[in-house]
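Notes follow once the structure below has been shown.
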Amino acid sequence: MSFNLLFLGDVVGKAGREAVANHLPDLLARYPIHFVVCNGENAAHGFGINEGICEQLFDWGVDVITLGNHAFDQRETLVYIERYPNLLRPATFPAGTPGRGAGLFRAKTGENVLVINAMGRLFMDAMEDPFAVIDRELDACPMGEVADFAMVDFHGEATSEKQAIGAHLDGRATLVVGTHTHVPTADHRVMPGGTAFQTDAGMCGDYDSIIGMDKVEPVQRFLSKVPQGRFSPAEGEPTLSGIAVQADPKTGLAQACAPVRLGGQLEPAIPPFWNV
Amino acid sequence: MSFNLLFLGDVVGKAGREAVANHLPDLLARYPIHFVVCNGENAAHGFGINEGICEQLFDWGVDVITLGNHAFDQRETLVYIERYPNLLRPATFPAGTPGRGAGLFRAKTGENVLVINAMGRLFMDAMEDPFAVIDRELDACPMGEVADFAMVDFHGEATSEKQAIGAHLDGRATLVVGTHTHVPTADHRVMPGGTAFQTDAGMCGDYDSIIGMDKVEPVQRFLSKVPQGRFSPAEGEPTLSGIAVQADPKTGLAQACAPVRLGGQLEPAIPPFWNV
Amino acid sequence: MSFNLLFLGDVVGKAGREAVANHLPDLLARYPIHFVVCNGENAAHGFGINEGICEQLFDWGVDVITLGNHAFDQRETLVYIERYPNLLRPATFPAGTPGRGAGLFRAKTGENVLVINAMGRLFMDAMEDPFAVIDRELDACPMGEVADFAMVDFHGEATSEKQAIGAHLDGRATLVVGTHTHVPTADHRVMPGGTAFQTDAGMCGDYDSIIGMDKVEPVQRFLSKVPQGRFSPAEGEPTLSGIAVQADPKTGLAQACAPVRLGGQLEPAIPPFWNV
Amino acid sequence: MSFNLLFLGDVVGKAGREAVANHLPDLLARYPIHFVVCNGENAAHGFGINEGICEQLFDWGVDVITLGNHAFDQRETLVYIERYPNLLRPATFPAGTPGRGAGLFRAKTGENVLVINAMGRLFMDAMEDPFAVIDRELDACPMGEVADFAMVDFHGEATSEKQAIGAHLDGRATLVVGTHTHVPTADHRVMPGGTAFQTDAGMCGDYDSIIGMDKVEPVQRFLSKVPQGRFSPAEGEPTLSGIAVQADPKTGLAQACAPVRLGGQLEPAIPPFWNV
């Protein structure tokens, strides 16, 4: 029997949390989903995440939370992250950063899933080399030996760097999926080596927005080049966005992948392979 | 009767040209498509476009070609662009640049279509303010008065800037579509004001690649930080990628929009509203 | 008799204001200085400028204040700038921005001095094309016709862009001087066409710092990639830094230029041509 | 007796090589200079360095050559660098890059000098964390224990990052000097902990140029945004630019530092402490 992974993109503010609350428990009840990872870097009013929201996401069925450049926007995260082994921050942060960037987690059905979170460097504040960092994590816990499956959340801006990470890891992970741009890409596919890939998983949030934020201030800033107010999340109709992978337990590789989009502004999508 | 616009994303090298050659004439024969715009900035081996390729694209059924940051990679384009009114370069180039950045074109069925090409400034070499430039072009030729329909190809890197342009123009254009990242986004939608929007149309080319380029050199450059060779387009199975809009001739606004994806690596998509 | 211009670099916080207060009145009493321009973009605790500080700078002998990317960090500046014709913000802000980016000012000795403030685009948030904007201002008020002298404060990050502006304007202005990097460059010279140039005038402030800011937080941010606190100006020994130009009243061109550095950490410098 | 170090900034093309040839042998004959480091990343027509030029620089009296982002523009450097222990490339290149980024060298007078070459990440293509890399090199070979003196060539764009490296290393090195902007800064000083510092050493080359390059093409590119030709070094009057440090052999720390500028466009400077 195949193993079904689900990855959900950046949860942005209240609409993003509602998207997860509205849909994830229902999906888990209805379909054979074995492991859920969710990027939570914008869950707390768009900037970082707090302990209460972590608890909520876990309650709704998330197994592991990943983060990104907004990892520590809520400064309390520097402290409580040490108590939450299932909360990862990018492994590319400098040595000594609180928390961990990768972990081996046990699914309820017993499989070991390696999850790695890393950040890109193109058009972003430079951290450690994600190619080297991810290689090191995969070498320490190779898929097919220590881990049954491996998922990489690569948080990056440039499509070239994200696709290069995908190509570089093809055959060594179940899924390499991008986050950070808050827009799902329609290029999900199983690469030649057997790794599922999508340049960006999109966000969970209100898409009648500018990357999840209320449209007024971003537009006026582009026009005037002078801030008038703060950025705050758009709070209209919530959409869930992510990617599902059907994986082969013998190899850890992907057999199929498909987008998951529910509610709100985007074209709805449910993986055909969930309907057994 | 509705007016059907088709926009095709960045044509990358030989695979991109084959994608257009293989599919566009057939689509035009089979479906009621009234006007076709195609971004050609990477058509000549990945870098710019030459006169022969322009002629080919027009022969295959493209009405207007748009460009981007690679507009003048083939230096001959600085000369022949003056002879091709249907070849646009970004309107955000400095005053005095050969060619034009917008034009009013007559569809075979008689409607006047305004096409505007502009470039973003986030994470790109800065040119003129695209918000001001596009406003000026739309003011000079307002949809519903001089133009029956208006299409904007916004060539940009950052999803925030692309969505801000969309929000800013909502209600004043038929379609605002992004190009340049070479990955189609799954966020096509008709915005509240009636303008169809997609953050990026994706590329026409080989998706088993890094943004259309053969994977070897980009990956090795990320790894070693030292160039070993040139970038050249991947030449595997070609995929066509774009967006179709069904527009209301009375207002110029969008009634529906949908992705067009044919051949190759991506999930195929044909607009449901094409099948009358 | 020659006309002596003095330009002072970015005033950073209290130490920067003290540098001006300590030295400028004395310099004006002692030497034949006819016109003083000062960049004030960091005068209010490092971020922007307020009305009271403008008044102080004028009291100490500044004729015109220029700004930069921090122009409107103090939001009140959007309002009071309209009442202060001698307070300029970069001319490269979008149309509609409060205040002006250039002005013709009358020295106490009767000469008309054109002052232009503009911002670069390399490694900075993109605004209007500074080459085109400065050309337009100089064309509207050419040196030798309407203006007796012309000074350009070019606020930019990249040395290449700053030197390109210098080369482009050589022969059309008395002085082109860079600001923004907060470090004086030792390349002051009169270019072949007769325009004085310095890539950066440096800052007025405490140089035992990181670009004028207390060293602790900037260093820890580079190390940890996580903010621990705010940036605040270093408040040690103040240094004044700027450039003086001796100009020919017949042509407006520079006869000589030399650095002015007083107090604090840097090697002291007084223009030899001031001692008549 | 004090130990005198000399550091020369980026050698740009023929004018840069002439600056060294014209002045360095003479300086070494005339003054008590004990060790010379020179950044050679632009020595070969502006782009990289070749074996012949390395030999020339060593012949003229350079003890160690450092590089920067242009390290491997001449691809042969990837090969011959392994045969030249006195040729360093930035230590921040990824593991596996040919050559070394630091070395302990013996001066003719017997002292051991640690030289470290590293690159910044702000506004540059991101490599390894220079703070961590330099710390590691200094820890492996601490000044006052293994090394008698330590020099750091920090090749970076942003003044903030360069000054932060300086502040971070204060007390642990003889000299921290910036390179890459091709403009000497006038902020040379001995920091409170005893390390000499200068944000940028400037270039050896023709200053009637744009960062060493002929002015025509850079200016026209800023104006038109379309390349018309290649960048090539300006070949006018050569200027030597660098920094001299007088160091205490007991501690390795700096007693004094001063700019060295000879020939060409800049104000000449010879360290007062050289004239015993």
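So that you can tell them apart, the chains are marked A, B, C and D in the order they are listed, and the count of residues begins at 1 in each.
One rule holds in what follows: a residue touches a chain if its C-beta (ideal position, glycine included) is under 8 Å from a C-beta of that chain, and two chains touch if they have at least 3 such contacts.
Predicted, not measured: the structure shown is a model, and the values here were computed from it.
Its C-alpha atoms superposed on chain D, chain B is turned by 180 degrees; the angle is given in steps of 5. By number of C-beta pairs in contact, A-C leads over the other of A-C and A-D. Comparing the residue numbers each copy contributes, chain C and chain D share more than half of them at their mutual interface.
Taking the mean of the C-alpha atoms as each chain's centre, chain A and chain C sit 46 Å apart. For this pair, chain C with chain D, the centres built from the Cα atoms lie 29 Å apart.
Look at where the CA atoms of chain A average out and do the same for chain D: the two points lie 43 Å apart.
In chain B, the positions touching at least two other chains are 94, 127, 223. The touch graph of these protein chains is complete, with an edge between every pair of chains.
Interface residues of chain C, counted against chain B in their complex, comprise 94-95, 121-122, 126-129, 132. Per the touch definition, chain A reaches chain C in the complex via residues 72, 78, 93-94, 96-97, 125, 127, 223-226. By the touch rule above, chain C contacts chain D in their complex via residues 123, 131, 157-161, 163-165, 167-168, 181-189, 191-192, 199-200, 202, 207-211, 215, 218-219, 222-223, 259, 261, 265-267, 269.
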